[in-house]
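Think of it as A, B, C, D, E and F in the order they're written, each chain with its own count starting at 1.
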Amino acid sequence: MTGAGPVVVINPNSNTRVTELISAELDAFRHPGGPEVECLTMAEGPFGIENRLHVEQVTLPLARLVESRTDASAFVIACYSDPGLEVCRTMTAAPVFGIQEAGILTALARADMFGVLALSEGSAGRQRPNHRRMGVAVRCAGIAGLNISVEQSAEDPATFGKLVTHGSALKAQGAGALILGCAGMARHRKALAAELGLVVIDPTQAAVAMALGAVASDGS
Amino acid sequence: MTGAGPVVVINPNSNTRVTELISAELDAFRHPGGPEVECLTMAEGPFGIENRLHVEQVTLPLARLVESRTDASAFVIACYSDPGLEVCRTMTAAPVFGIQEAGILTALARADMFGVLALSEGSAGRQRPNHRRMGVAVRCAGIAGLNISVEQSAEDPATFGKLVTHGSALKAQGAGALILGCAGMARHRKALAAELGLVVIDPTQAAVAMALGAVASDGS
Amino acid sequence: MTGAGPVVVINPNSNTRVTELISAELDAFRHPGGPEVECLTMAEGPFGIENRLHVEQVTLPLARLVESRTDASAFVIACYSDPGLEVCRTMTAAPVFGIQEAGILTALARADMFGVLALSEGSAGRQRPNHRRMGVAVRCAGIAGLNISVEQSAEDPATFGKLVTHGSALKAQGAGALILGCAGMARHRKALAAELGLVVIDPTQAAVAMALGAVASDGS
Amino acid sequence: MTGAGPVVVINPNSNTRVTELISAELDAFRHPGGPEVECLTMAEGPFGIENRLHVEQVTLPLARLVESRTDASAFVIACYSDPGLEVCRTMTAAPVFGIQEAGILTALARADMFGVLALSEGSAGRQRPNHRRMGVAVRCAGIAGLNISVEQSAEDPATFGKLVTHGSALKAQGAGALILGCAGMARHRKALAAELGLVVIDPTQAAVAMALGAVASDGS
Amino acid sequence: MTGAGPVVVINPNSNTRVTELISAELDAFRHPGGPEVECLTMAEGPFGIENRLHVEQVTLPLARLVESRTDASAFVIACYSDPGLEVCRTMTAAPVFGIQEAGILTALARADMFGVLALSEGSAGRQRPNHRRMGVAVRCAGIAGLNISVEQSAEDPATFGKLVTHGSALKAQGAGALILGCAGMARHRKALAAELGLVVIDPTQAAVAMALGAVASDGS
Amino acid sequence: MTGAGPVVVINPNSNTRVTELISAELDAFRHPGGPEVECLTMAEGPFGIENRLHVEQVTLPLARLVESRTDASAFVIACYSDPGLEVCRTMTAAPVFGIQEAGILTALARADMFGVLALSEGSAGRQRPNHRRMGVAVRCAGIAGLNISVEQSAEDPATFGKLVTHGSALKAQGAGALILGCAGMARHRKALAAELGLVVIDPTQAAVAMALGAVASDGS
């Protein structure tokens, strides 16, 4: 695999603190002889991606960024809305992974039904059509909105309790694996899994694992 | 991740040549500082797994083997029939991946529709119910049976031509990613992808990538 | 139909009391000039089939038993987990019916939506993938776990009340027919149907009716 | 079961020759000690039911007939269009079976995918929405129209060849069980099954088997 | 469009007050130069269509009425049960719209999930199979039965409160558009939409809009 | 409805000839007393929308245009890719219709299965996920790509023959209604419907009909 380019993980919002959190979660994938995992902040992005207009605003900048990184061996778009996923796939021959897709597909390899822990109740309405598009709606036990901000998800001491409450409800609805719908929730992953006795998926890690698999496969 | 146990990849048939082929494909996942990827031959298995009775015959030996390897950080059952997948998951706290499931889920992250290249036409009848069980039947463009043996898949010079012919037909039916339904086909992966202009998935590599992702996530 | 062999109903656990209960339910299908309905206890089975390992443990003994009974005109596997159904079908030219499949398919001929009364809440997780595999998940109103043992289902005076409570809840969710997920519940069938005003299906009776239909059809 | 009324099988067209054919197929279900299986011709019916208007014309007469037969223990509507099935179910407390529903549900207990052999190509357009309504469209391998009349189906020596041709095509599309979409085809059932190596279902027999099961269950 | 015949809207019950209500709702579609929108009461219909027998009783009269109106450019059957829709389509070359179908399809153009406000709880059982037949069950958030009569829906001052209560529950279940399942509810449409902040669809208006579109298209 | 604003139909490409074609098709919807139907060319659009990048390039300009037209009573985005549909719906309180959605939903009110006549074979890959997202994939008989340009669709004398050939194939696959996937094909609508004996839908007309229905409903 000598000479293979990096896996490029793009945070499409301009909040560098989020990029740092993402990069820290990905240290476990970095090995001396293995591929580089590079994390980028997209400067043109809004500070947070909270509605459909924000999603559309980052689409073309993402497409241009992907097109420009001809050295990359794979891309991960690290926002749970999977902004620009389809167009980015037309801009490069390298594989492009969205974390929502990768998180769900990985959850399906771990449990019969998955649940999603989202920042807001409004997220369900945007995610449901995507589950249908993917063909996996029948395996979704539910989408729970915590109605917290990105900042709260990472910093507020009350967040863990909310994750437990909503995660328990999703478990009662049949979920065997939960997907964290925001980078800020990642720091609670292990404790939440232990508390609920469920698999808890960090979708950025899931996408990077798939990206590394694609790179290894191409290099083998 | 210091101290994490190996990813144990089990070939449930007793053909050690197949285990060697599998292990060779997985070299790309082995890095100095990374987790060990260990490949086992299950001595109790039949020489090949070609029908439902063979599948059932390896189920309990697999369950016992998984139960005994308390050192493993993850398991991969390296047979496209995913024998014993459900019972093995009840024998260990470590994640267990089947290559059919992992291959399909990985294909779904690369293309809208997948196709399967299987050894025999009879495979379609066994795989279709599984696609429905997984909830992904709507994204299967087709299952093509080449009517060749495991040995032919790896050794016969005519095999590549058959892969191209059936792969082209699946592409015409909408497949954007093809899954190789037999370890012996793995050596044709790159040439087939280049010839057809499609993503071609080696499902054992796909499962190992997911297993490494789970191990890294637990170690992060 | 002179000379046609018996319909062989196999209780795959080794609890002969359960076999007796099953046989008693089937008396209504025994007519002087009609086919014999024979009930067997599988000696190799565990005393009860309560988890996935138990299911796998009876699979090969069932396959061998089915293979050995070349005189049978049809088989019924009388355990709601449908253990070994697929492999048994490859061991004989006679039709093989599983009671879960037959119970659900018969319920679908009686009402738009079905519900299942199961022994434990854990059953739902094992049954849901099977509903998807069968393609009928969209017609399941719910699976209710009573969290009682096989013994309690047949003997405990509190069981009927639990059946009514959970059955009413399934009715409120749209179920027009309920399926009894355990042989021990069969004695409550009529009273439960009367109490709830719903069709209540004993799945072993449903499977034997289908088996007799297949035998009659072949004899006509 | 002493005192239980007959299973009433209604031929909703006025062609008594068809009723005779149906009754002959059902002899295998008649046992000395068993329930009576009575076949009726509905005098108000058209000579054949060949289009949607015919279907609607027999609906109310069927409802009145079912309402009037308070002695019946179960009803079978013996026309593959299942005319009046839903309204008839509201006119009696006895179970009412349609042969299309029963034929399909029985086929699903015998094979993973079913195919239908219909009189005309136009039948597919009427059956497909019904498969979706039943939730089983995903298990239909195809609907083949032979473009023959009811008379031809029973009398024309060329019919068997057409059944073999279209049945083979359905088998190639994945069908493991075929359903005969017209009473006249019933006489070819055994030879067709032998020729194709498939299960072939006579849907009237399938419905009567289910009806007898319901009667036995209520009598047990 | 000179010479194009009227859009004929048929109220299949004999309650002329309902026809008047329907006609009043349709005034907004009547323009000087545009097609005529004619509303008819079907004299042979029952005073209300409240069960399956009523539905079947109006089917043939509707078919004959549609056949007789050779001057019509399109038909709308203005009863939420869509009685006779399929047979009417075989009696004329003009397009025939059912208000349930048109209401649902129009709701799907306005929101991701729809909910239905029905007169009675029993309606859900009749509508669910139709949603499956249409293929849109996955987009139904729920069907709420208000358990009121047609008269109450139009006249009872308590009705609006019930619409708000049940509509709010459907909104919480994900509905973005509500369909009014009875002509009498139409007068509450605007206030309900304002109160709940949802799209509220009058299905007769939806069907007439589609009918006018078909007429304009044929006339263009 | 006095004072209601226009239905604004936006051609998101900058080809004014296409806008003229669209406007001409819509004359049949313009009545003296009825709402205005205004057709706009979006100057920022590319000359044709032929790939995913083009789709994304028009998304934000469409959102801004929709936001700016506060006088509009409804919007129609007149490109079969439905670019920007979701974000535009968040920019205005007025209803926004995409012609792909409206065309499909209207076809579903006319026939059991629909087919699509698309410019290129590549269109199928982009439309299929959308059918799944809408929940209507089960009612699509097929998507045929003619491999012609927009110009050819409107001007080339060979186009009609290609429409007939592909339309016939879709009819043989079960389609009862065909949707024209390009504005240039609209001029062939009537002749194609007559030639094939099928309903043929111009999706822009379908969307405008729905838009006028929404406007009338709000004005009633």
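Following the convention adopted for this analysis, a contact is a pair of C-beta atoms (placed from the backbone, for glycine too) under 8 Å apart; a residue touches a chain by one contact, two chains touch by 3 or more.
Since the model is a prediction, treat every value here as computed from it, not as a measurement.
At the interface between subunit A and subunit B, over half of the residue numbers involved are used by both copies, so each side presents largely the same positions.
Centre-to-centre separation between subunit A and subunit E, using Cα means, comes to 43 Å. The distance from the centre of subunit A to the centre of subunit D, each centre being the mean of the chain's C-alpha atoms, comes to 52 Å. Look at where the CA atoms of subunit A average out and do the same for subunit F: the two points lie 34 Å apart.
Residue positions 129, 132, 134-135, 137-138 of subunit D are each in touch with at least two other chains. Which chains touch which is summed up as A-B, A-C, A-E, A-F, B-C, B-D, B-F, C-D, C-E, D-E, D-F, E-F. Remark: subunit D residues 124-125, 128-129, 132, 137 touch subunit F in the complex.
By the touch rule above, subunit B contacts subunit F in their complex via residues 112-113, 138, 174, 176. The residues of subunit F lying in touch with subunit E in their complex are 1, 25-29, 31-34, 95, 97, 101-102, 105-106, 108-110, 134-139, 189-190, 199, 201-202, 205-206, 208-210, 212-214, 216-220. By the touch rule above, subunit D contacts subunit E in their complex via residues 51-53, 55-57, 59-60, 63, 84, 86-87, 90-91, 129-130, 132-135.
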